[in-house]
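Structures incoming, each one as structure tokens.
Two complexes, one shared chain (chain A), two partners (chain B, chain C).
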Partner chain A sequence: MTIFKSIETKYMEERESFFRGLQNLDRRSFLKVSGAALAATAGLAAPHSFQPVTVAADAGAAESKPAFRFAYISDSHLYERDVNDRFVRGLLRAVDDVNNLDPQPDFVFYGGDLAQLGQVKELETGAQILKNLKAPLRIMVGEHDWYLDMGQKWQELYGEPTYSFDHKGVHFVVLNSVVEEDFWTARGMTPMERMMTVAGLDNGLQSPFTVGEAQRKWLQEDLAKLPDDARVIVFSHSPLYKLYKPWNFWTDDADEVQAILKRFKQVVVIHGHTHQLLTNRIDNIYFHGLLGTAWPWPYAPEGMPELTIEMSRPDPFNPNDGCGDGEVHVHPDGLVDKVYNLWNRNPVTVSRTYLASWGKQDVPPKPNRPSY
Partner chain B sequence: MERTRFFCSGPWLAAVCFALLGGALSDTGVAGQPAAEVPRDELGAATVAYQAELLAKLIPEAEAVKATSAFDPVVFAAYVPEDNALTAERVALGRKLYFDKRLSADGTVSCATCHDVTRGFTDQLPGSLGIGKQVGKRNAPTTANAALLQTMFWDGRSPSLDHQAKQPILNPIEMGMSNPEEALKAIAGDAEYQEAFKKAYGREMNYEDLGRAIGAFERTLVFLDSPFRRFMAGDASALSADAQAGWELFNGKARCAACHPMTPANPLGSDHRFHNIGVAARHQDFEGLAKKALVALAEDSSEQKLDELAIGTDLGELGRFMVTRKRMDIGAFRTPLILNIGITAPYMHDGSLATLWDVIDHYNKGGEANLYLDGGIEPLALTEKEIDQLVALLFSLTDVRFAEQNQREFERQQAAAQQNRPIRDEGLALRRTLPFEQRVMGAKKSDQ
Partner chain C sequence: MRNPSLRYCAGASLAGMICFLLVALIGGCAEQVAPPPQTASAPVESPPSPAPAEAEAQPSPAAGQTATETSTTSDTAAASETVTVGSCDGENTVTVPKELSGQPLADALMDQWKRDHPEANWVTEQKEKHALVPPADNSDLLKGGQGKDHTYGNYTELDILTWARETEKFAAEGSRIFHSADALGSTIAVSCDMCHPHAANTHPETYPKFQPQLGRVALLRDMIDWCIENPVRGEHLDPNGPTMRALEAYIMAQRKGVPMNYGKH
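And then the complex of A and B:
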């Protein structure tokens, strides 16, 4: 029987072993040891010892104003409206929300899982609604968009799923982090059987998500021209760390991807898939989750990152509760304030100073909801 | 015959009703069909003398305290403030104050002007009339059964009846007294009051006790004895087949029970929470209003200012937001109690819906889409028959002592609804068009 250690226990063990290794090392080797220690425990809370890296970057944070902002919508899981219009209504509401932002954001980022079962009509319904956004759209693919026709329709609508762009001095990278090894051919699955398998939680048949070797190579090359202090924001559908494998809140080659990002002073990774307030920091990498417009997931039963302030239980009478959209405020230093615009709740902002201070400053409030 | 049973369960009850009320109730006016016999004052309310006499028949003064035993006694006790235990003296004092127009600046308005005994303890007007016939922006909620409300006013800005009662007297649109002292001065010369205050609270007349006395009196306005309640107590014949089908819908397809739960402990049909169902969204820009409100509240967010803004300005359309200044509360109003709803038209915080058919039409189309719409509100696809059944249920929530008025009001609303259903939108109700779709697609059109 597996014994799950609490995140605190794992953290204390890691911290102890780290300090043992730290003796008699100069700063250069110190970073190497840290990297090794991190790789050994990837997916766990980051060791406390990395704090100095960002404390310097954070000087004068209080007066900092965001350089620009973009909005996000994610995880709409559309069925055809004749089958089930609840999720269609959710996406409509999000578009209405974002269109009413004043001033308008620089662009709107869509975080993946536009469709529920990858069907042509689902993707077309989504595309039609998203066309009504006033601001330009940037979009990422999710597994629900992909595994019926292996991305054919999605790519017809939106092109390559892996790309990068620069905006106001920040380098944005969009990955397809839901690449799975072929589990279907040997089993003789139909496309729909494959899709249904990927769409399920707790389904051991499917392979874990990866970014994959090809994209990792692409990423390495795409970032090669950038200096170590470049401002980089990476989008991935699944979290680029290992949170909870049975639900695919997980990227199997996260360690390798993180290693590519390691040389940067700081990197922000924004992911969909988890439909909840989710905050993590590993070393120089700051992770933020996105809300879904379709439904909120419960939190993983173990391994939750320490920095996450969990939202309270959604109201079962209110199908929108725990859903929403949001904004990302990008500061001149490349770090972001992440705004979770929860429908029917007060917005929650997870500020860059909260992560930079390892949760000591600007702690976000727990979502305000009277119990009943 | 079916109709008779619907509102008055069985011949024995009809007889009791009649004996108890005499002919008085058959003469009470209803909106749109005022009975000529009811004497009215310049603001249209039944005269104080008439109301007091009617109330004495409905709840004889000697039995007022006892009347509250219709509520679950444990629950009721929890709603009585520690410093205002219910006594006959306090209720008697409150009753006198409730009907006293001297508490208004020009002597034309009392509590009973807007919470009229002959009109379901409301004024049956969209917005209430105050001194100088000024019109307030809020619909007067009923004072009947208000004892079990957790907060008062549509935006819940007051925590209790005792506290609430002190506000309208000082509101410039409602009763217009400039301060508590002036209000007390207006009745200080009345020796009866001097004595009544002493008997009730053992001290000299003061404004806090004035609020307490009115609160105590209002706690005795218990009108629970409806056909619906009798049905729930086991009398299957108390409700028509239509109303029984409506009860199924209320708890199921129509989703009413999510916010209007009715249980023995909480018979009011309110969850006491605040929801944006989009009523004000029909004619207000919430974002613009909220910005204005934050400026106004930064200057002055006192109790009295909130009261003035709520009754006198469009900022009141922001509802609960004015109290909490939280985004989630924009355009949200407290779920009203729904007992006696048949005789308290028009409906909603601004009285903008004339009939219960309009109310169901509003919910059937998924409310009015806006950025703050409560997520529990969605299109219901109710058929005309189902709408009628729900309305039948709602008219069965009226206390049997108002059975005749209820029946007349049912017929009036039914006739009005046959003429005009301004809110009805079948395309939205049946989801041919989805909520937010018009807003989103409309935005596109205006850009082109």
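And then the complex of A and C:
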């Protein structure tokens, strides 16, 4: 049965996608768009639909148009639904957000910590909800998924935690960067005690996150065949740099991993675990953090990267404030615009020009309520 | 308070020592008075001065021959090579090989006591897990000041240590509750450290302040109570109850050194 859309429906759909597109423009494109709109209203250009204005924006900024986009959802920390329904509803909301994107992203990336305590029911609930995504799913492991059964259930559901793939000329690498040295055997911990220890962000009994020698070797070999100007994006749960050790916002062998990535013209690292707006650049490596759907973390009291413009302190009276999902727009040069779709707030875009200019251009707005 | 009170026998070594004294009396094995092992955790919780004194008072056993002269119960259980001893907590028993004596015997009895009382070293565990900020250093008060005749001129080192230990213990109790969804009464398995690791972003120094979302001036405990009822989804806390007091203590302890700034948003 063919579906016929009325003129009114088509008009409203065009209008919807135009306004949604406006949200994600960087400043230069926005000026072009508003300029074109002014011209149209002044009668200098023929206004017949919303199409020309969008085209006008694209025409002048051809070099900054993203080559493709993917969406992300991360850090849902699910309990079973009858224990805690709030986190489940958070993930459902994120899935709805992504499914409502038009056009659909090329794929959806899940940043880790699907379960809260790594339990079978938690992972299965998460897997079930993620099956509702229209776009293909690429998933990564977090420490909360792993340390109850050392990844047994997660691997049953999703296979190998470390892998790579190519998409439209960009090489993607997915790491398991939450490898911890054994701290549980000497203390005679049960699996649940080990999981509870790792689950506590401020629990000092656990070891720092690492990528580990085996994976570093694998990474070296996987990237070996690529030229220095290849476009590389690394997905990692821990940040792959050293931000704040007491909260394991930290990768202990970050220096070794960064050394492997050093030869490339630029590398983008997208990481979970931090549940906040987080931006950093170390030489050629551009780091972007992901939002969580469950709860926001406060900013670390020390070690914060200079390039990060913090999100305003989440309001506990505003449910889900500080949480969200988002998109990544990958440009032809391999750099990305990171869109933070903060729930109950205006979205924030950290554009590639901001990082490329070391924070001089396209600076995101500063918060008036910092965390302290 | 000058004399150590037996209330602090939560400390492993003191408890162990009393345990063995009782075992000696009850079990009728007077020889079994080996000093218990000094575990690494013990010095924090037990008063330091009595421990060495009591250890010295006990006769150390001669090497290895005491096990065979155990209580008469072992004669009735002559077929097995073990002996059952009553634990000093008055509830549990410990079964040990008959020929065990001296330090290994003491270790075996201590291990069983620890298994029966896993919460015994909870203060040390909290400090190890959650990096508690220690209370202020009061050793300046020992310098004499306005003479020994004055009421407050007579502090001893034991006083200073006791105050520090008790204060830390109170904050540690707060830390324990802060990090435990069950202790908070959460119905959705949410604990405070999920949004406030190490009590970050609680800014207790800004209270009292007008909390616009509540429409009134709030104290720290009002905000704690609101958080318990809403994000944590537990029941209202009695503001003067032990749970609220402990939580406040921990939150304020973690913020040591930050200037007071009431009304700041």
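Assume the second predicted complex is superposed on the first by the 302 of 372 C-alpha atoms of A that agree within 3 Å, B and C clash if a C-alpha of one lies under 4 Å from a C-alpha of the other, contacts with A are read in each partner's own complex, and residues count from 1 in each chain.
Everything that follows uses one rule, which is that a contact is a pair of C-beta atoms (placed from the backbone, for glycine too) under 8 Å apart; a residue touches a chain by one contact, two chains touch by 3 or more.
Fair warning: this is a prediction, and the values are worked out from it, not measured in the lab.
By the document's definition of touching, neither partner reaches A:Gly169: not chain B, not chain C. In the superposed model, A:Trp343 lies in contact with chain B only, and not with chain C.
When the two complexes are overlaid on their common chain A, residue A:Asn84 makes contact with chain C while staying clear of chain B. In the superposition on chain A, contact of A:Asn99 is made with chain B only, not with chain C. In the overlay built on the shared chain, the residue A:Pro136 is in contact with neither chain B nor chain C.
By the touch criterion defined above, A:Leu205 lies against chain C but remains apart from chain B after alignment on the C-alpha atoms of chain A.
By the document's definition of touching, both partners, chain B and chain C, reach A:Phe317.
When the two complexes are laid over each other on chain A, chain A has residues 85-86, 315, 317, 372 in contact with both chain B and chain C.
By the touch criterion given at the top, residues 128-131, 179, 188-190, 193-198, 200-201, 203, 213, 226-227, 230-231, 265 of chain C touch chain A in their complex.
Interface residues of chain B, counted against chain A in their complex, comprise 258-259, 271, 273, 287, 326-328, 369, 371-376, 378, 431, 434-437, 439-441, 443-444, 447. Chain contact summary for the complex, chain A toward chain B: residues 81, 85-86, 88-89, 92-93, 95-97, 99-100, 102, 129, 131-132, 134, 315, 317-321, 323, 343-347, 368, 370, 372.
Residue ranges of chain A in contact with chain C, taken from their complex: 79, 83-86, 116, 197, 200-205, 246-247, 295-298, 301, 313-317, 369, 371-372.
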